[in-house]
Every structure is written in C-alpha cells, then in structure tokens.
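Going in written order, the chains are labelled A, B, C and D, and every chain counts its residues from 1.
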Amino acid sequence: MKKVCLVIGAGAGIGGSVGKKFAAEGYHAALCRRSDEAGLMTMVADIESEGGSASGHLVNAVKENAIEDLVAEVEKIGPISVVLFNLGAQIGYRSLEDTTAKVFELGWQMACFGLFRLSKAVFPLMTERGGGTVLVTSATAAVRGNAGQHSHAAAMGGRRMLCQTLNAEYAAKGIHVAHILIDGAVDAPDTLGKMLGPERYQQLREAKGLEHDGLLLPEKMAETYFHVAHQHRSAWTHELDLRAFSDLAWWNHAP
Amino acid sequence: MKKVCLVIGAGAGIGGSVGKKFAAEGYHAALCRRSDEAGLMTMVADIESEGGSASGHLVNAVKENAIEDLVAEVEKIGPISVVLFNLGAQIGYRSLEDTTAKVFELGWQMACFGLFRLSKAVFPLMTERGGGTVLVTSATAAVRGNAGQHSHAAAMGGRRMLCQTLNAEYAAKGIHVAHILIDGAVDAPDTLGKMLGPERYQQLREAKGLEHDGLLLPEKMAETYFHVAHQHRSAWTHELDLRAFSDLAWWNHAP
Amino acid sequence: MKKVCLVIGAGAGIGGSVGKKFAAEGYHAALCRRSDEAGLMTMVADIESEGGSASGHLVNAVKENAIEDLVAEVEKIGPISVVLFNLGAQIGYRSLEDTTAKVFELGWQMACFGLFRLSKAVFPLMTERGGGTVLVTSATAAVRGNAGQHSHAAAMGGRRMLCQTLNAEYAAKGIHVAHILIDGAVDAPDTLGKMLGPERYQQLREAKGLEHDGLLLPEKMAETYFHVAHQHRSAWTHELDLRAFSDLAWWNHAP
Amino acid sequence: MKKVCLVIGAGAGIGGSVGKKFAAEGYHAALCRRSDEAGLMTMVADIESEGGSASGHLVNAVKENAIEDLVAEVEKIGPISVVLFNLGAQIGYRSLEDTTAKVFELGWQMACFGLFRLSKAVFPLMTERGGGTVLVTSATAAVRGNAGQHSHAAAMGGRRMLCQTLNAEYAAKGIHVAHILIDGAVDAPDTLGKMLGPERYQQLREAKGLEHDGLLLPEKMAETYFHVAHQHRSAWTHELDLRAFSDLAWWNHAP
C-alpha cells in the first residue's frame, strides 16, 4: 500500500504540481478541490498515464465535517503521510467598506480554521504512526498586512501562528509542519489567470513569464515542497520563503 | 459634550485603568464588559466620585450586532474619539486535543472578528470627523505560537495583521491604530487572579509584585496607552511592546 | 545638581529637539556632535535663553576613547541619567560596487560599535546608581535591507540585536534600552536637508511638510522619546516605531 | 573544468559536510579554514578517496586581502559557482563587562565584514558569468539578542541585513544569497565539542545525539544546503531555518 500525499486545494498551480511530483516519486496523490470535477479528473488521468497513482475528491472544505470525512475517506486508500494544505483566502483588493463580515469569516474558515480542523483529524493518526508532514502554502499576507487585505491577512496571519503552535506541540512527536511563504505571483491559470483575466494573464506571462522565470513556476516550486517533506528529522525547516529571482522580497522597495 | 473613550473589555486590569486615566484627563469613559454588573458599576462610581464622567455597558461582544449596537448607543453620549479594544482570547494551556472547534472559533470571534466588526462600525464615524484612535491590547501570542496556544495565537496573530491592514488603509485618513503588545504578566485580579486562583495570585504578587514592579501594573501601563493616543499625527507609533523591567522579552531565554 | 541627558548626535533634527525637551523638563542637556561648533553653541544658547541648562561637546565619536572621554567629562556636570544615542549611518543609495570597505566599516563604527562603547562606559555608572535609560534612534534599515543600503543596514541590523542583548542583560538591573525605529522622512535641515539640497528640501516640506504633518516633526517625536524615558519600570517599552500618519509602514506597498 | 564550491569555514561540522556533498555531486570543493592543516588535508583526502575533487586552503579571513586573495586563487582551479560562507562569531556567554572592544570587533570582522568582502570579490565574477549562489550559515542570534551575546548577535544581526541588501541588489542579476538560520546545537566536534569539552560533548551526544537525532546532523543539513543552491531561479528561498525535530524553535518556551 502506497503512502498517501493528500493535497487540499489541488488546482492547476501549486496543488496540482505538488501532487504530480509526489505521485512521480511513488506516493498516491489524493487530490482534493471544491469544484471543476472535469479538471480534477484530468489531473488524476494525467498522473495515471505516467504510471502514477492518484484519486480525485470534490470537497467544500468549509462545510461541517468535510475535512474530517475527507481524511477518513483517504485513509482507506492508504496512510496519509504528507498533507499539502493549499487553501488560500486571496480575494484581491477589497476595501474595509467592501469587506463584508461574511467574506471576512469565510477567509478565516478556509485558511485558518481549515488547518485547525485538518490537524485535529490527521495528527492523531500521524502520531500513532510515529510521524507525518504538513506542508502549508502561505502568502506574504501572513507576515504583513496591506490595505485591502483585511480578510486575507487576518486569516493568513492567524494561520502562521497556528503553524507555530502545532510545531511546538507536535514536532517532538514526529510531525513536521512547514510554513512555505510564497512571495510573488505564481504562474497558475486558475488563480492568477482568473484574477487577471485571460488576456492580461497572457500578457504578464509573456512579459515576465516562462522565458524569464519571472513568475514562480509551480513545477519548480514542487521540488522544494518535496525536499522539505523529506528532510531528515535532525534538520527540519519550519519556515521558508519562495520567490522568483527577479522579484523583490516583500520587505524591499525599489530604491 | 465630552469626547468619548470606549473601552471594550473593561475589567479590573488594563481596561479599567485605561478608562480611569482617560476620564481623569477629561474624556467620558464608556466602559463595556460582558458580565459582573456590580463590578462595572463600582468602576463607574469610582470615576464619578473623582469628578470624572463614565457609563457602564454590559455587552457580550460575540453576539450578532452587539458591537455595532454598542457603538450606536455610545455615540449618543458623545463622539467616540478613542477606542480601547481590550478583548483577549487567553484560555491558558490547552492541548490540540483539548481545544474544541468551538473554543477555537470563540477565540477568533472575540479577538479578531470583534476588532473587524468594531472597525466597520466606528471607522466611518471617525473618518467623517477627521480622525480617531484605536488602541489594541495585544499579547506575545500575536508574534509567536507556543504549545497549547492554538486558539489564542491564531486569533491574536490574525488580529495583528488586521491592525496592519487597517493602518495601511486608514492612517492617512486620520485613524491611528496602535498594536500594544503586552509581554508579561499583568497585575490584574480578574484575569491573572482568576487563572491562578486567589492564593497563588497573592503569592505571585508578593514574590514579584507591587514592591518590585515585577508584574505589569495597569495604572502605569495606562500612561503609555494615553500617550500613544495623543501622539501628534506627524509621529505615530503603530507597534510597541510593554513589559516589566525584570521580565525577559519573549525572544529571550535565560542564558 | 541636575540629572543629565546626554545626546550623542545632536543635530538640528531629533537630537536637538530631544535635548531641548529634556532641558525644558529640568534636565541638563549635554549636546554632543562632531562638527559645526557655531550651530552647537546656538542650540546651547537657545536652551539657556529659555531658562534651561545645557552644554556643548564637539566629539568625533569614532576616534579612540572619544565616547569614553565624553562620558567622563559629562559626568562631572552631573550624573548621566538618560542617553540619546542618535548616531546614524545613512549615506543614501550606494551600490555594492561603490561601497568601499572603509565606508562599510565607518558605518559600523558609528552606528553599532559606538553604542557598544557607550554601553561599556556608562552602564557601570548607571548600574551603581540603580538605573538609567538609553534611547536609541533607529531606522527601517535595522529590520530590512534594501538595495544600496549595505553599510547602513548591516550597521543598524547589528545595532538592533545589540539593543536586545543589552536589555536582556541589564533591564533587570534597572537600565532601560529603547529601540525607536523611525520609519519615514524627518523634517531635519541638516540630514534630510543636506541629502536633498535646499531647494528640493523646501519643495518636499511644502508638499507634505509642516501644514500636513507629512514629515516626522522632531519636536513632536521628542514627546515620545521623553515619555519612553519616563515609563514606570513596571511597564517598559523595548521597541516601538514612529512614522507620520500619511506614511505607509515599511512593510506596506501601495495597493 | 569542474564548477567550484568554495567553503569558507570548513570545519568538521557543517562546512566539511557541505563540501563533501558538493564534491560528491560533481563540484570541486575548495575547503578553507584558519588552522589545523592536518585536519584540512584529511578532509581533502577523504573526498579524493571517494573519487571527488577537493583542495585545502589555510586562510585567516580577517587579515587584509585574505578573502580577496582566496577568491583569486580558487578561481584558478575553476569558476566559483557556489560559496558557503560558514564563519561564525559564537564565543559562548560573555557578559558586557567581559566583552572587550577587540572581541566585539573581531566578531564583526569574521561574521559581517567578511561576507561584505567576499561579496565585493566574487559578485563581479558571478555577475559576468550570469549567476551564482552564496549560502550563508546563520544562527538564532541573527534574529534575537540574548544576554552575553553582544558580539555574536551584533555581528549576525548585521549580517542578516547584509544578506537582504545583497539579494535586493543582485538577485535579479542571477546571484542567489540564502540565509540559513541554524536554530539548535549541531553535532560538530570542533565547535560544539570544543565549547563543551570532550566529556560533556559525549554526554550530550549520548543523551540526545545520534540515536535520537536530537542534534542537527551536518550530513543531513548538507542535503538542504545543496537543494537550496540548486533551486530553479523561478523559485528561490532567501531565508529558511533548520532545527532538529526535538528542538523547540527559538521563539518558543516550554509551556
């Protein structure tokens, strides 16, 4: 029975690429997303066509028991060894006035409460098996709050602290939580592409994209996700950042 | 009509002391807490007996419309010029296993969502009047997550980012949000006292308390709260910490 | 005999204004700078004309024994109770190529080694007297390194850590070191004014200056410096930031 | 001609292990340390006996032109593609009183000025060749200052900011500077071993050592160093931490 890598938030960007990488390295990739069953099944088929093992799971993570049920379901396929928690709460610029209580709460439910619920569901299983890994895709909003980011930053800032409390309590029991801060635009058609619209997305890709590696390329990011998940337990990384070589770090301004 | 300082979370520690200080300096202190009407009324009476102006408001901040209604009610007394947002989410050490989803959510509702709702309710009024101040009592858990602090740290970490998004969007409109990180034990009978029990509280106070200033004294902290609220707009502080001289900062360990 | 506030780096901006404030509150202000004796003496005369007590000291702080001798000299006037360490290492944008080893070292000598030497000289005196305060004017470069800031950022980053080691070792002995991060342009003729030239300085002042408080006004900043130096020892601030209401914090970008 | 990995600070711990790893992966390892020629030559011989390529260089990095000459010398062997800057400034607990100006300066010369000089010497070569990598071994003292760490923390804090200024200026030119924060005790006979003495070192190793991976194992750390040096330029890490699974992160305290 293969070890399982569960991807929560398996879109065509980071989630899909990480799932593919783990499948290529011998894991069963359990890919979970909220919608677009056809897209999900294509990802599964792609992995299988290259000899890998994968399954697709349509789940609305904020529904009651959704994450808990997902963990139970996937455990039947094999022991969950790695989870990629890849749910974000980015909704673009939204002024305070335009940020409803509902939107603010939804951001928290996805990005922060979701990780809490996942941990409650999967840590007992991992602890019993002597260990496991949770990779958390994070964003710059986890470490600084910009205008128009009320929902996003509050959710991600809470989540970063949660990653720290989880490591503080579970690292010594063998569970490794890695907070991977993505500090730049990812070349992903179903997040960046949606946010910009197809035309501007194509323009951006052409301007600073594939040829110049000016966007974060998901399949390259997946290499680091995989590495972190396989660090020897004597040398674990809790926090790291990723950005394209041509991006200024979030703490920098143009001179 | 006096300017109003609204204190959300007016216990016998920081909240009450800050309310008292602002009342002594000419503000009407609108003191709000969830329970203990007798204690609340004693605080109001104390302020009035020294010639100050105060009112007491029993409010359960997590109830729907509670904060919104409170702002409306207090505005009838006078224009809210300063708010002290003093709700915490500290529940002591609680392992992941013992932290229920309900507790986790409640922490967020109090400490993070509460500030969001307050901002939605009071910022339009302050903006129209050309400015205002929100003092936010924060805790070490806002900047690092320890074991057993899942609910607390996730709520406070989110709140710190929210303070940054609020300043980024509203400082230039004259609203000053100050994140005041309390990094030590406060000499407060109804938080620390409750957490420790009366006997251990008294022991702690005697060991490192009043004589040695080894606990943060709320009436001294109130001086800094008041100062920050009255900084000239050319020199505002967004983030500061407070600890007793004999406390090691959170980033230090004993050598 | 008056308590002494020693200002190391007493230019016409923060240093001079803080000296003036302390003098107005009853301290002897010992003003120290490297050059411009006439300007220094004018500052002393200004303070004295308002009934205050001050002295001027021309010192090149990087010279061997300069800081040590200065402390000894000023102690003859009265006990040094507060030091403002106001030496900076800002030299504007300087590419790596254009940053000589000499410039890099000079930045460190002024901004970092200077504080170390001051601490070695004055802490024994303060400890013996039961306490004292060192206010350190810091800059954004202490917490993030931008292009062209090699010398400045390395010096200020080291200095911030030094402030932490000093507090960790001496706070419990009554010495309060406060790291005051200035995150914006200060309305100071002999730093900003020099950097920009008289015409652009005047333009900037008019554009966002006095009328709009869009520059940090030294005499307003001095209020906070004075407050921090007089916090009760049960509630000390180790780190705080100051910026104009209209400035974005260093961690923010325009949306 | 093989690509060269230059290791500055090639002791028996991180430096030697990283050199070995790069040699095993096809680089020439240029190993540089200050003393113990015999030990250095043994490391070179070990690498060669496994079919790798290596050279030993005895250099006192703080001497004038030492780093500059080293770079020139090593460039004759092959183009320097990766540098591991592994000089530390840890001298154990040293009170302010016991920290001489000389010691304080030496720490800065090794840990901070040394990296500046290296960058001045090697960046022009790397830029001309289209890129390169500098891996910087850092310590917890770079992000927080404890008592007795005056020299160490000031040097490392300055160095972290320097890494940021270097990335801000050179990342877009293809030079990747990675700040690798080691947050725990490394199983290294010639640093930890020396600090503790042979008996206590052996006790510590037995208590939490090899069997339990409770010390950072250099050969495992080297895997991450190598990975970071080979990240695709669309996904670079600027800052990451490493600690043993059983270590509490520096920001945590035991509950």
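Definition applied: contacts are C-beta pairs under 8 Å (C-beta built on N, C-alpha and C of every residue); 3 or more make two chains touch, one makes a residue touch a chain.
What you see is a predicted model; the values in this text were computed from it and never measured.
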{"item": "Other chains in touch with both chain A and chain B", "value": "C, D"}
{"item": "Equivalent interface positions on chain A and chain C, same or different at half", "value": "same"}
{"item": "Equivalent-chain rotation between chain D and chain A, CA atoms, steps of 5 degrees", "value": "180"}
{"item": "Centroid comparison with chain C (C-alpha atoms), farthest chain", "value": "A"}
{"item": "Between chain C and chain D, centroid-to-centroid distance (C-alpha), Å", "value": "34"}
{"item": "Chain centre separation (chain A, chain C; CA means) in Å", "value": "44"}
{"item": "Residues of chain C engaged with two or more neighbouring chains", "value": "144-148, 164, 167-168, 251-252"}
{"item": "Chain B partner contacts - residues on chain D that touch it in the complex", "value": "93, 143-148, 250-253, 255"}
{"item": "Interfacial residue positions of chain B with respect to chain A in the complex", "value": "95-97, 99, 101, 104-105, 108, 112-113, 116-117, 119-120, 123-124, 141-142, 144-150, 153-170"}
{"item": "Touching residues on chain A, where the partner in the complex is chain D", "value": "164, 167-168, 171-172, 174, 176, 187, 213-217, 220-221, 223-224, 227, 231-249, 251-252"}
